[in-house]
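Taking it in order: structure first as structure tokens, then the write-up.
Per-chain numbering from 1; labels A, B, C, D, E, F, G and H assigned in written order.
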Amino acid sequence: MAKKKPVVSIIMGSDSDLPCMEKACEILKSFAIEYEVKILSAHRTPEDAAIFAKNARKKGIKVIIAGAGGAAHLAGVVASFTTLPVIGVPMESKALKGLDSLLSIVQMPSGIPVATVAIGEAGAKNAGILALQIIGVSDKKISEKLEKFKKDLANSVRKKNNSLKNV
Amino acid sequence: MAKKKPVVSIIMGSDSDLPCMEKACEILKSFAIEYEVKILSAHRTPEDAAIFAKNARKKGIKVIIAGAGGAAHLAGVVASFTTLPVIGVPMESKALKGLDSLLSIVQMPSGIPVATVAIGEAGAKNAGILALQIIGVSDKKISEKLEKFKKDLANSVRKKNNSLKNV
Amino acid sequence: MAKKKPVVSIIMGSDSDLPCMEKACEILKSFAIEYEVKILSAHRTPEDAAIFAKNARKKGIKVIIAGAGGAAHLAGVVASFTTLPVIGVPMESKALKGLDSLLSIVQMPSGIPVATVAIGEAGAKNAGILALQIIGVSDKKISEKLEKFKKDLANSVRKKNNSLKNV
Amino acid sequence: MAKKKPVVSIIMGSDSDLPCMEKACEILKSFAIEYEVKILSAHRTPEDAAIFAKNARKKGIKVIIAGAGGAAHLAGVVASFTTLPVIGVPMESKALKGLDSLLSIVQMPSGIPVATVAIGEAGAKNAGILALQIIGVSDKKISEKLEKFKKDLANSVRKKNNSLKNV
Amino acid sequence: MAKKKPVVSIIMGSDSDLPCMEKACEILKSFAIEYEVKILSAHRTPEDAAIFAKNARKKGIKVIIAGAGGAAHLAGVVASFTTLPVIGVPMESKALKGLDSLLSIVQMPSGIPVATVAIGEAGAKNAGILALQIIGVSDKKISEKLEKFKKDLANSVRKKNNSLKNV
Amino acid sequence: MAKKKPVVSIIMGSDSDLPCMEKACEILKSFAIEYEVKILSAHRTPEDAAIFAKNARKKGIKVIIAGAGGAAHLAGVVASFTTLPVIGVPMESKALKGLDSLLSIVQMPSGIPVATVAIGEAGAKNAGILALQIIGVSDKKISEKLEKFKKDLANSVRKKNNSLKNV
Amino acid sequence: MAKKKPVVSIIMGSDSDLPCMEKACEILKSFAIEYEVKILSAHRTPEDAAIFAKNARKKGIKVIIAGAGGAAHLAGVVASFTTLPVIGVPMESKALKGLDSLLSIVQMPSGIPVATVAIGEAGAKNAGILALQIIGVSDKKISEKLEKFKKDLANSVRKKNNSLKNV
Amino acid sequence: MAKKKPVVSIIMGSDSDLPCMEKACEILKSFAIEYEVKILSAHRTPEDAAIFAKNARKKGIKVIIAGAGGAAHLAGVVASFTTLPVIGVPMESKALKGLDSLLSIVQMPSGIPVATVAIGEAGAKNAGILALQIIGVSDKKISEKLEKFKKDLANSVRKKNNSLKNV
């Protein structure tokens, strides 16, 4: 079954991040890309996270999406154990509204990048799209679907613009 | 000639960004990946930027790296015209030290991601590495080289650690 | 019909910005200035935005008001295609409360200004007033109406002050 | 003499702001627009600032550019006494690097807009260009010169891009 | 009547600031200090604000408390027209939560101080206490009452602490 | 000797704050107000600070000026032991440029105000002026001198403005 | 009774901090560590705080946990009177969401450290755990319990991860 | 040899952090506490960091001090593998001056605390003192030395204060 071979891993530090990270799942699903979802904590299950990261490429994973909040180390920790592209999604944290999550994810030292997207749901959805763009570099079917997605996006804006005129 | 077929475009809004963005060039060069460097301004040459972005995939480009500062729109503008992965490098701006550049690049709306890396030179170098990771998803030679690069990185840290002990 | 010839364009990246941007519409309406409202996304319909901006002056537009949030590129992108004054209204974004929108709009590079106003509704209303002030530079009727508006504003404050005394 | 009739006033709170604000002077001079330069402090000469603002339109001024730093009140104070468009330039302050200046200028309450531009020299230059755009709304010669200025700007970027290729 | 001779003026830019500024009124009332409350806008009634400030000392006012939000200029504008001590209370603004108000009030240029207190209600109450402390410099009755107030404050904390132990 | 009876105490956490705090000394000296200067640390000599604060009023002190940086507790600690007005001057700290000092001083809880001025030298000078304004509430000679000081301030701005015209 | 000899003191500036600080109590209780809870204000009961801190070690206290918000001086003030380790918990303040609390606690000057944890409830719980870790340095039973706690933490993450798979 | 048995580990992500972290070494040395210094990167040598942390207690380490900058994960990563107290020192980073380092270290999720100190050298020195305080919980010699250190600190402030008076 295709289902047995996910190509994208969506991981997060806590199940409270799930509602946000589902935006990434949805977009991958709509492109019929197989993905897996895991709760892995950089701080509470560091060894599981390390094992996951070290084995991801062998298992057929092409892109990892990691959501985390506060002192958000998950994306960076996973990136330290793999050479796959790792996309970091900063969660909107309670007190500092995700500014802490963003800086903890994006300000990685030279040598170990994390591809950081916007704070919260827009970022989670965009993480899914970025994963598709990465896959689309060598997969023409996906890149063509992305072109169509882009056109649909434009058309939905145009439709809203037109409905405005009619009012 | 290989030189005729760059697979990574490194673009920036101003030639003052060049010293920083050269960190991306250097890492690509060290992996023998062909790249092109362009000065394209989202604000001063918006049409050139649009034309560049629309044609990038056709020309064989696989990843675009865009450096910009302040109200840093270049990465987002280019991403709006292509479905290639676009990596954004926030320049360290004069007054706000790159916080403006970072937020202008990373907080993209749902639908159009930009893979954002750290402010300044560490970010520029990591943009190059991230481009290699993206290419490495479907290019085993590159992904293997990345594994070696990672090991060298670890060894250089270990060497520094050891020289510390000897003191 | 006057309605056929708007002199102010009010554009925004998403229909979710409409409730805020209506503050700009209301003030223009109260001055009997014709305006048009458009949903145009710097990221989702970049070409529509470019075409709009390039043709605005020819169509009789004198001032463009652009509302956008997050990595708010709309005002800057439109400003890159026109020499009309462009007023940028930073939307109050969900996580960072408009600080991202503000910096993305105001920190424009040398050569391409955007006249930035306050975050959210106060800014949207002020964008309308600023458009009237710009038109009023060469339109005595409008500048005289603005003087009256300013006096009314003062009087409404005085009325509140007086009602305070009576309590 | 044309010199007797400035159409733009460039004011600032302190002579230490002059090196920055000269960027506004230079661009106006290059467009042969008459301007005056004044040191007027919202806090040290508030009455002079008020008298200046109340008389500006009568004297033939069309746009006011105000530079100030820290708790930067000059632009707002002047705007409270005139219905001319007022452009605010946030100075780069010593401790907070202009973030204080920016927020003090841009976050004006509903009713009294200030057209805010970027912190520091890029903002000062852009204030001059924005003044020209405002004048250009009803002055075809200026708007045509602005089109040429925009093309020159694009060409200077292109020249830099080409010189890059030749290296 | 004592009521005819207020010694503290509590002014604010808008009647929406009243619920917050009432904390200053309450503390003054509890010390039997006469005060007046005024709505005066630095931006909408600048001349009223100037006249108020210039006449305050003559009228017998000893301390001015000014509450304002956003680009909060009221305290600074009033301070520019008087040599009385002016206490500034930063309102909690909608988008930026009072950080803009705070910086606009506290970062005054050399020559014109504003005695700034905390954002919001704690600040408003403290503005009242600070006014009492200033009056208490030369009014022994007030300074003695302040000593008692301080003791009561301590005792209320101690009472809470004790009730904790009993639980 | 008058020198034996200072009415203002200028205290600071470290001798490295002295160059900044001297701005407060200078202005007091120019008004012939006796002051004392002390190094007192909220953290290193907390008991000395407490004893100082508890005895200040008895010794004839009318206003306390406290400069401190980082987690700047000195002003708040002193304010907790006295009912004299305490003016806090946030030092420009090394990493965070005084934002930490400012927030640590200004955000005092309800009950214990600190009159906070700007970060750094402008704040130190303004602390001195604010102390004079507080003394001037009941000392006509000082309040008249302050009026003259204010006029001189205005005249020095006017002189600069005039010298500009002559250029 | 063991209850007579607490080894951890949990103090806070106000009873409104109690719901947050209870997270520290709970974790200590679950490890059967005796603790005391006190309301002590750096600003309202500074002498009580000083006496508490000076006597803590003698009474058998090993670690002090202090929660405070805004210009949060409690942890620093207590640390200035003891050589016991002091853990500071920044409360989430109303306007600035705990950024003020955090900087006021963590940016202590050289000589007097405060061990700062995260803003709000996560920080309060972690303060309890950190106290246990400190006690565990010389108390094998506690350090072994901490190892078990760490494993349970990991297992609860794994359980959530597994339940995800089953969905 | 005592040298063979360090009780404090001082680790850092890069040798560029060494000049700052030496402040921690110096204070430990002055207390005759054995320590070791290691360069260990959370991102470049994650496995070395994990192995170090897992073995630290067994080797006799009582406290770990970790310095890191930017997306500073080292302290958190080490804390995830040990139940020893981990002290985090935020390095002053180039662009964001350590605000990123601070938030990445202090905002740890519930379960895994890091005892965070100030940004930069003051923090490094305080990390050393905090380590001593932790050791001093069960080591009377150290806690007594700390009392003396505290007195010396106070005396050095008093000496500075006195030399001021003599001037």
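Worth pointing out:
In this text, a contact is a pair of C-beta atoms (placed from the backbone, for glycine too) under 8 Å apart; a residue touches a chain by one contact, two chains touch by 3 or more.
Note that the coordinates shown come from a computational prediction; the quantities given were computed from them, not determined experimentally.
Shared contact partners of chain A and chain D, listed by label: B, C. Looking at which positions face the partner, chain A and chain C present mostly different ones, since fewer than half of the interface numbers are shared.
Listed options C-D, A-C or B-C contain a single repeat of the G-H interface, assigned here to C-D, on the basis that more than half of the contact pairs agree by residue number. Once the centre of each chain is set as its mean CA position, chain F and chain G turn out to be 35 Å apart. The distance from the centre of chain A to the centre of chain E, each centre being the mean of the chain's C-alpha atoms, comes to 49 Å.
With touch defined as above, residues shared between interfaces to two or more other chains in chain E number as follows: 14, 41, 44, 70-71, 96-97, 99, 106-109, 111-112, 114, 118-119, 122, 153.
The complete set of chain-chain contacts reads A-B, A-C, A-G, A-H, B-C, B-D, B-H, C-D, C-E, D-E, D-F, E-F, E-G, F-G, F-H, G-H.
Remark: chain H residues 13-14, 41-44, 46-47, 50, 69-71, 73, 76-77, 79-81, 93, 96, 99-100, 103-109, 111-112, 114 touch chain A in the complex. By the touch criterion stated above, chain C contacts chain A in their complex at residues 14-15, 18, 37-41, 44-45, 48, 70-71, 94-97. The residues of chain H lying in touch with chain F in their complex are 92, 97-99, 118-120, 122, 153-154, 156-158, 160-161, 164.
Contact residues of chain D toward chain C in the complex are 23, 57, 62-63, 83-85, 87, 102, 106-119, 121-122, 125-127, 129-130, 133-139, 143, 146-147, 149-150, 153.
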